[in-house]
Structure formats: structure tokens, C-alpha cells
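The chains carry the letters A, B, C, D and E, assigned in the order they are written, with residues numbered from 1 in each.
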């Protein structure tokens, strides 16, 4: 599947009666790379979960490749090409590494699996391990590999670098970059390693209490020390 | 020696009957993570169907078995759609409440519709009578249950461990939201598994009816036995359930032979010992 | 009916002082409904006393299930131990003073609690449930076998408690038994209320929510659970003793799986993890059962089944739990967006 | 006004249904009126043996419903639990089933119109002896009535000169009897005496008896009628044919009284196949109560009511019966029956021998 | 050097996999040690072995000279060996305030009391508030943990460790999921702890590691491949290849 454009219009969502996403609108063209930043608890995860259909949506539209998927269940969205790597990784604990990779696939393409192992050799070594017996970083790799295998046209990555060794981070970011540049995927990324995120993205939005508080290019954000401090925390960029 | 052999035969026969009735429960409890106390109720419904088809309509045993499985699954579809779907992933105690409620209703309705008397399922000529093993005789239908049990165990193991459907089912149970996000239609997966489990319940109800006759209270009477067998084996594990049934069958049978008045004691003491040694069920060792 | 009106006072988020108020309100409610029961159903006191003794058992289950997260289908063992303890004391040892009998019941219940705690806590989850089932069957088998002491399946009769304080006879109309029961319930409620709010109560909730985290805080999970089992045994034993004193017979059913399961259902019906839930569940279930089975003794099981299903569908946290959550949400929605 | 306590739901609901059928049959045949008093019946449900519940329901019946008679009681502990209330409540109790000898001793206001396990189990010992059995084995469920049956049979059989080689007590929850059958074989007994509560296990037991080759080996099957109660016979089918039991009542009993009773009771119960022995206990219970009402002219007077029926004798559907003045228990004929198939393919208990005017040997044993 | 905490020859195999292969590490009071290494190197397993959550195949763990190898986790905690979890382990239905209060009461041996409520104890409440405000959680103190964002739960993990007043503190990726710019909160919190306490921190955020550590241990495939100063580690060829990558060049400048 070629990359698909994403358009979000006036999206609100939340848990029970509480709203944590309020009237968010943005659009990204096919093959774009968007970084979503914000401090803890600002609604980044909730935004992604809403796009993936795991959090209750109150109102708004989500158009993937022109089709409104806002009312579809998660499975349909996934089949329409939406891939989601959740922050909590959500590896299936009682399945082996290999079975974890197979869940989303219709048949059992050996080469696709090999490709994933090529990306993360560590996973190949541990292919018979149960999900619950993986180290934190291995779980992170598995979760990412599992989503990429399905060849989505839109990939949501919620803190994919958390817990990964610096070498692997570099390799992974390079791989994501390659996926986007070949036009295979549109990528949305939440990341706490802000520098990595800015290096990767071609546009940025910053969330504050469930709303978009800033929007622009990575360069503009890097240059705007005041905004960075206000929205992303003290300390500033190194 | 004869005694030992004799006990072994009895234990095997009893264990396999237990297995064939409880294996469906192992699927719901272990794989779907639903404490389905209404399992016996579905087995009983199967029994009623078979009894009606084979005895009252005189259609024969084979048709009876088929009618039981198909009929029970058809009844189970709306029950799954409107009741079970609400309790997947809920806390265990909520599931207990719901499934006990269902059991009560089924008992009440069965009592009303069929009356409180025992219902039998006439065996075909082939399965009647006994086979002489040389040192003793054994009922033919028990041999039949042993064979059926082994076939079911094999087929089920293959379905769960070796097919894509099995992988999806286990993934869905581990984390339904994430499975859905990978494109798995979780509701379909659940519905199909439930149908399989219920079909097995019905089959077990029919095959086991010679030992556990069908009557309205069937649904509650054997609930504890099923529950114990499944958990001792390790819910969701086919080999585990098989071993548990054979082991508990052996303990029970031996206890009954040598000290029937303390039969219960032996059985439950054994359960305590096994569970303490294998808190995750016997299959904890094998998986 | 009855105590369910309590739910209007909310749950959870309230600040500490309000919680104390709720305890007082709860105690007051017991007094009010206790008195009301006496005057509104003067002919039904036997049933009401039966409800109170069952309620004590349900509270006991709540302590381990609702607060510690131990799934049990064998708690009647503790109740039965209390009942047989009090009964045997009276029938075989001539201890017929009701307060002493009650005390014997409480002690026997605690001991049974200790024993079943030691067994049941060897496993988790489903395996634990099965251990509890094994325990109750062993207790029942033992009582059946010791028929010289327990009367076996014929039941233990010949329990003739003295008058309370030498003045109030246990008579046909069951007034004394009822008042005695309400008093015991009140005392128990107040003590348990203090217990569940105490640091120990927090430890117990910790056990339920994440035992590994609790151990990483330096608390011994096993010891918390065993202590809770003993306390639970005391409460259940109290219920058993009350039952033995008021009905003057003890049957094997008081040690049965059926009673264990039924009381667990009552607890879940009311809502786990709250003393009110336990009490509401018992009252609703038993009144419902009594009314429906008197109205139609032949088909009441169907109706009770339908009730249970309806509760799961429309009040998934139990009657009290759902009502409490509803009011909490309403009061919170008023306050607007939380957190961040 | 009569309060009836019995199992109207749960695993024993069938027996409760029979209580009601017996009572309704009584009304159908004799009307609801005694003199100018209407009999009103209030039912209360105790699904399984539960003395505490039984007691509080009995209390409720007396205090709230103001019943003048308590009746029913399928299980012994339930009856025992309620007896302490009788004196204080000034209410007689008519036991329509519970079969432990001791109940009548627990209160002078108890009258029983059913049977005792001793009463039905003793005669079969003689049957066994007459059939030339010298060594027998007993298998009983491990609970009160089972133990009663075991001692009753043993006492009677040994008195006849036979010997019981082994006595096996089985847990109530047993559903696979194959191992016991093996033991019976190994014991070398010529006959087995069995007592089980009526219900599913009886079916499994009889099947095990046939399938494990005991029938073929010629080991005689002896039991009380609980094992071949009419409502279980269709389920037993062929397997049941030829089983011999002793009991106080068979639905097939040939007498005009019984024909009338069965017709009325079958109508009351709906499905004729469900009719079984508790109905006759209830029927005669109502007869006794009607006599009590007559004697006290509808006033609540337990002492005189009970006095009035002591020594009462009448012809019940089961045959001639009387109330023993000392024990207040029913004296009746016990029949030896064999399961047979009638012309219509229906299974029934065929009476083949009568032991007349049997009292309750259990009470005598109790006094010793 | 007076060793406060000593691990010697620790070994653990999962099947054929040697996750911890003869690891020995000693720490003195005041040590600030970073344990780094590739994913799956066995760092978390090491912590689990030390705290007793997993039983080692062989080896010894001593704390202040006392052998604690065979003790239950809770007993080690009572002796001051405290850890945080890589994947948060909290009580979902309790509030942050209750978490910290419970930790304090437990530390003081008062958690077994069967009466009274922590909010009635001013000393406890004061400490609770202080701890929560250091980590910026004070506004959330009455929310249930299940309702707060994951990053905030991570901070609460650290609050708990602090409240237990450790002698030896083992932090498993405390900064994972916390925005890079907010890790300062964690550092400030650690600064508040007594200086004579030994801290071992696992993290993949090299900026944090180098700001924090006075000593670095590198674990790879269950074996210690480096033990030395932060300056030296960036120069070690094996560590650079196996773990640091290009960070070694950029990082040392930071």
C-alpha cells in the first residue's frame, strides 16, 4: 500500500465524561513525517489511541486516504492501513515472539518475518521466547516490528525509542526515515527524545492540555527557545 | 496385579469421560478467560437435544449427537451475542455472577420444559453391552468415549497451537484492543471460539450421559468437578487437561476402590497437593 | 431496598473528613433499618436474623475477596466452624451462655480462617479458587465423619442457649435473637469500618492491586493475607455463632459449597470492596429469594437467574458499586476536566 | 391452615412436586372442607437439606402465616430443626417423608405418614435369606439415611443367620461406580444391598451393575424402593428389569383406593411418569390432618389433635395402615417388588410378596 | 573503600541462555553508579536477582555485611535495598497520596495498624506533600493512578522509592517515558536524598547517565565488559560498538 494522507478535523475524545482531546484539527500529506510533542499527560497517547480507535471519540472526523474512518472499529482501521505502536508496547505475553509477529498477518509470509528479523536481529535470537519473558527493549522492538510487518500506509509511533540502546535508536530512526522517504508510509511520531524527533520530522505539533498549542517546522521550534520552555519543559534544548 | 490393571482401566475410562466433558470449559476458561460456570448448562442442553432426537423421535444415536451439537450452538449464538459479549475481559467475579445467572435460568427452563426426571439417550446396538478384556469387562461406550476424547484432544490442540486462528484467538485474549489494532476482528474470533467450546460441551454432555445422566440439575451438580479438573490441568492447555483428567480419575478411582468412605478426602487432598506443587496447573511444566 | 439509599453519599474521591461521616451514617443506617425491621416485619424476625447472620458471612468474604482480591468459593468453612463451635459448646459442653457461645464461635471461626488461609494462599487466581473449593469439601467431609460431635447429616440439635443477660429469652418470635443480631452487626460494622480505613486496610488493597509492588515496599504479602483471613474468620464465625444461637440447630449445609457460592454471589451482586456493597447485596438477594420463592416456589430459580443477569448488564459493579460510581461521576463531571 | 415445607426447587424438586400432587389428590378426592373448616395450604421451599432455613421458614409459617399444622419435610435435618418449635407454637407436625427413625422421639407432636429406612430395609434381609444368600455386601451413601439402611439390613440379615462380608460407604457425590463393582466382585458376596438417595446416581449405579458383569455373574441386587422409584424407571429402561426392592408403596399397587388416588395424583402432577412415593406420604398426611381438624373442630390444639390420631387406622392407597400410638409412626405393609414391563411397554414395580403390618424396627434399635 | 553493598559471582540461566554470567559489583556509600548495556543484556534481570524477585542459580548478595541472598524481597526492602520497576508497578485504584503514605507508614513499621487513617497524622501528610511536590505530582494527588498519564506514573515510582528511605537504591530506567527536558525533576529528586546512599541507575538516556554517574558499569550478554569512569567509557571500543554508537562522539561533548 502506498502512503496515505491523513486529515483530522475537530477531533475530541476522552475517558468517561472527561475530555482529554479537545477540538484537534491537522492534516498531513502522504509520506509526511509529523512529530507530536508535549509534556506528560498532555494527551499525546490519547490522540494516537483515538486515531487507532482505542479511546472513545466524542466528535470529529478522521480521514485516512480520503475515507472517514472515525466510526469504524479498530480492526477495520487496521485493515484500511493504519498501524499503531502503543506507548505501553502491548506485546502479547502468552504468545512467542514469532506468533506475536504473525497475529496481524493473513497468511504466513516467511520473507516478511525474515525482513523483520533483519531489522532487529535480537528478535530472531529470541523467537521462541514468550512475550512476557522479553526485556523492555526487546518488547519495544517487537511491538514496532509487528506493526511495520503489516505494511501500513499510516504508522503511529508512540515513543518507539523508549528503553532502546542508543545504537539501536539511531538505526531505528534511520529505518523510519527510509520508510517515509520511499513513499511507503506516512509517519506520526511521539517522542520524548526531542532532538531525535526534530531531526526526523518535517513538521511538528505541540499539545497542551488536549489542544494544539504550537504548530510549525522543526527548525522554527528549535529557534524558539521561549516556546520550547513553555510547552516542553524547563532546561531547554541542548 | 489384576486389581491394579482393573483400577487402571476404570481410571482411564472415567478420566476420559471427564476430559470430554470438561475440555470445552478449558477452552472458555483458559483461552477466552471467561469463568463459564454455565458450561454444564450447555452440556445439559446438548443432552436434552440428543435425548429428544434419539429417544423421542427415534432418529438414532448419530443424529442425536449431531442434533445436540448443532442445536446447542444455535441456542448459544444469541446468548453469546447479548450476554457473553458483555463479560469478556470483565473481572472474574462479574463473569461468575453472569454465568451463574444463566445457569439458574437454564435449570429453571429445563425443569419447566422437560420436567425434573432423568432423560436417557439410547445407545446404538454397537455401543451397548460390554467388551471382555480378558481379566474383566468394560462397557463398550466407555471405550468409545476414550477414542472420542483422544480425537477431540488432538484436533483441538492442532487448531489452537498450529493454525492462524489459534494465534489470533490467543492474541485477542491477551489484549483485545491491541489485537484489533492489528486488524484482528476480535468479535468474530470470540464468537467462533465460543461456538467451538459450546459444541464441545454439547458433545461431552451426550457422550458422558451414561455416567452423568441428564436432568435439570446437571448444570450445577457437576460444575465443581469440571472447574477442578480444568484448573488442575491448567486452563487452556489441552495436554494439561488430559493429564489432569487421567490423574484425578486415577486418584478418585483408586480412592473409591480402597477406601470409598474417605473418597472425597483423597480426592480433595490430592487437589490441594497438586495445586500447591503446580500453581499454574499441571501444564505449567509442559508449555 | 434497605441500605441501598446509602449510596447517595458517594464514594472514593471524598476527602478524609467526609469519609468519617459516611462511617457514622452507615452505623446510623444499621440502627434505623434494624429498628424499622423490628416494627415493620414483626412476624418475620427469624428471616431477618437469618439475613443478618448471612450478612456477617458476606462481610467476611468481602474482607478477603473485595479488599485482598482472593477469589474464594469456600468461605462457608469459616462460618460453619463458628456455627459448629458455638453449637458443640452448647450441646456437648453445656456452655449455654449466649455471649460465651458467640465468643467460642468467633474463636473457632478465626482458627478455621487461619487453616484455610494457609491452604488457599498457596496459589493465585483460578488455582486459588479450586483450593478454596477443596477446603470447603474437606471441612464438610470432616464434619460428616465426626457425627458423634456434629450429628453428621442429621444436623446438630439440642442447642439451648440461655437468656441474654439472664433476662431475654430466645423465643419462638425471635425478638431476642433479632436484637442480639442487630447489635452484633452494628459492632462488627463499626470495627470493620475502622479496619478498612486503617493503614492495614490500605495494605490489603495493595495486596489486591499489585502484590509485587507491595513486596517491593517491604510489606509481607503473606502475613497481610493471613491476618486478614483470621479477621475474616472471626467475622464469619460470629455469623455462624449467631445462626447457631438463633436457630438452635447446625446442619452440614452451613459448611457447604452451596452456601459459599451463594454468599459470594450476594457479595458480587451488591458490589465488592465496600462494606455497604456486602450488606446491600445480602439484603437484596435474600429478600428477593424469600419473596419470589414464597410467591412461586416452583420457578423462582429462573427469576433469580434473570436478576443476576440483569445486574451484570445494567449494574456491572454491583448494585451499590454502580450507584456509588454513578453519583461520583456526576459530582466529578460538575467539577470539569481533571488532572494535567 | 397447613404449612408445607419441602424441596420445590433444586435437585429434589421432583419430590416436592410429588408432595403437592399428593395433597392436591387428597383435595380432589375429599374436597377442601372438613366440617365447616376450609383447609388452606401454604408452601415453603427448602431446596436441599438446610436446617437453619427450614427452621426459620417453619417459624415464619407459625408466627406470620399463623398455620395450625406443619407438614411436609423431605429431609431429616429439616424436620429435626423444626421440632423444637412445635411445643411453643402449639402446632403438630405431620412428616410426609423424612425417614430417620429418631424424628418421632424429638417431640410428642410429631406424627409420620411415610416410612423409615429401617422399616423398608429390614424385610429385604429376609428376602435375601429365602433366596439362599448367605453372604452379602452392603453399599450405601455415606450420610445419615445410608448408615441407617446399612445397620438395618445388617441387623436383620444377621438375625436371619446371614453374614455381611463387607460394608462400603460411598461419598454422596459418587457418580462412577465401576470401582465399587470391582470390589463387590472381589468380596465373594452372593448379593449386594444398596442404598442411594433417589436421583441420577441410581441410574449410574444400576448401569455399572450391569456393565461390570455383576448381573451376568448372578450377584443378586437388593435395595429399598428408593432405587427404583417410579419416576426413575423410564430412564433405567431395560437395565432396571428384574431388580428387586422392598418398599411401602408402588404406584402399581392393585386396590380401588390406589386407582382413585393415582388417577387424581396423575392429574395433579401433570406428567404421570413423575408420580412417585412422596405423593402417597403427603396424601395420607393430609388424611391424618383432616382427622385432626375434625377432632379439634378447627381449633388450634396440638395436644388433642395428636391424641386423636393415635391408633387411627384406615385403608391407604398403599394398603391397610395405622398410626402406632406409642411412636406416632405409621404401621404398614412392606412389599417386595420386581421391576417389570407392562403390555404398553411401561416399566413398573410389580409387587410379588407382602410383609404385613411392619412397625419401625429402628426405634427399637434406638432405645437399646 | 567500605562496601555497603556487594554482589559476587551472580549467575542465572534461563534454559540455555546465560542471562547473568558471573557478575560481581560492589558499591560503597555515596556511589552513583550507572549500569548500561544493550537491550536484553540482563540489566533488569540483575536487579531482579539482587532484590530477590528471581532466585539466582549461584552467587551471593550482601548488604552492610549481611548475607541477604536467601531472603524474601520484603525482608531486603526492610533492610534498605529498594528498587523501582522498569514497567511501572503501581496500585491502579489508589491515589498517589495513598501510595506515598503507605510507603512511609510501611517504612516506619506502622502499616500493620488496624485503626486510624494516615490523613490524621500531620507528620505523614507533610512528608507525603513534600515528596509529591518534588516530583511535580502534587496536583494529581487525589486522582486514581489508572487515570494519570504513563509518564507521571513513572515519576510516582521514584516518589515511592524515595519515601522508603533507601540505603541502596536500584533504579530501572527511571527516565524512560519522561520527557528529556523533565528528567531534571528526577535528578533534583535524587539530589534530595542523603549523600551517603548508594544509587545504581539503569538508563538508556546517555545525557542523564553522564550527568548522574561517577562510575559506569557496562553489561553485555550477561557479562560485565567495562567498569570505570564515565570519561573512560566513551573511549572503550567494545562499548562504542555494542552500545553507544555515534553517541560516543556527540555525547562526550554534552
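Operating definition for what follows: a contact is a pair of C-beta atoms (placed from the backbone, for glycine too) under 8 Å apart; a residue touches a chain by one contact, two chains touch by 3 or more.
Owing to the predicted nature of the structure, the values given are computational and were not obtained by experimental measurement.
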*To reach chain D from chain A by way of touching chains, what is the minimum number of steps?*
2
*Which contact partners do chain B and chain E have in common?*
A, C
*Cα centroid separation between chain C and chain D, in whole Å?*
37
*asked:* Based only on mean CA positions, could you tell me how far chain A sits from chain E in angstrom?
replied: 28
*Per the centroid of Cα atoms for each chain, what is the distance between chain A and chain B, given in Å?*
43
_Which positions in chain E are in touch with at least two other chains?_
147-148
_Give the residues of chain C touching no fewer than two other chains, as numbers and ranges._
141, 299, 301, 338-340
_Sequence positions of chain A contacting 2 or more other chains_ = 41-42
_Under the definition above, what is the set of chain A residues touching chain B in their complex?_
52-54, 73-75, 77-79, 84, 86, 90, 92-95, 99-100, 102-108, 131, 146-147, 150
*Give every residue of chain B touching chain A within the complex, in rising order.*
164, 167-168, 170-171, 173-175, 177-186
*Within the complex, which stretch of chain C touches chain B?*
65, 71, 119, 122-127, 129-131, 133-135, 137-138, 141, 257, 261, 264-265, 267-269, 272, 299, 301-309, 311-313, 316
*Could you pull out which chain D residues touch chain C in their complex?*
8-10, 13, 16-17, 43-45, 48-53, 55-56, 59-60, 62-64, 76-77, 80-81, 84-85, 88-89, 100, 102, 106, 142-145, 147, 171
*Write out the stretch or stretches of chain E touching chain A in their complex.*
14, 37-45, 86-87, 147-152, 155, 173, 176-182, 184, 204-207, 242-247, 251, 254
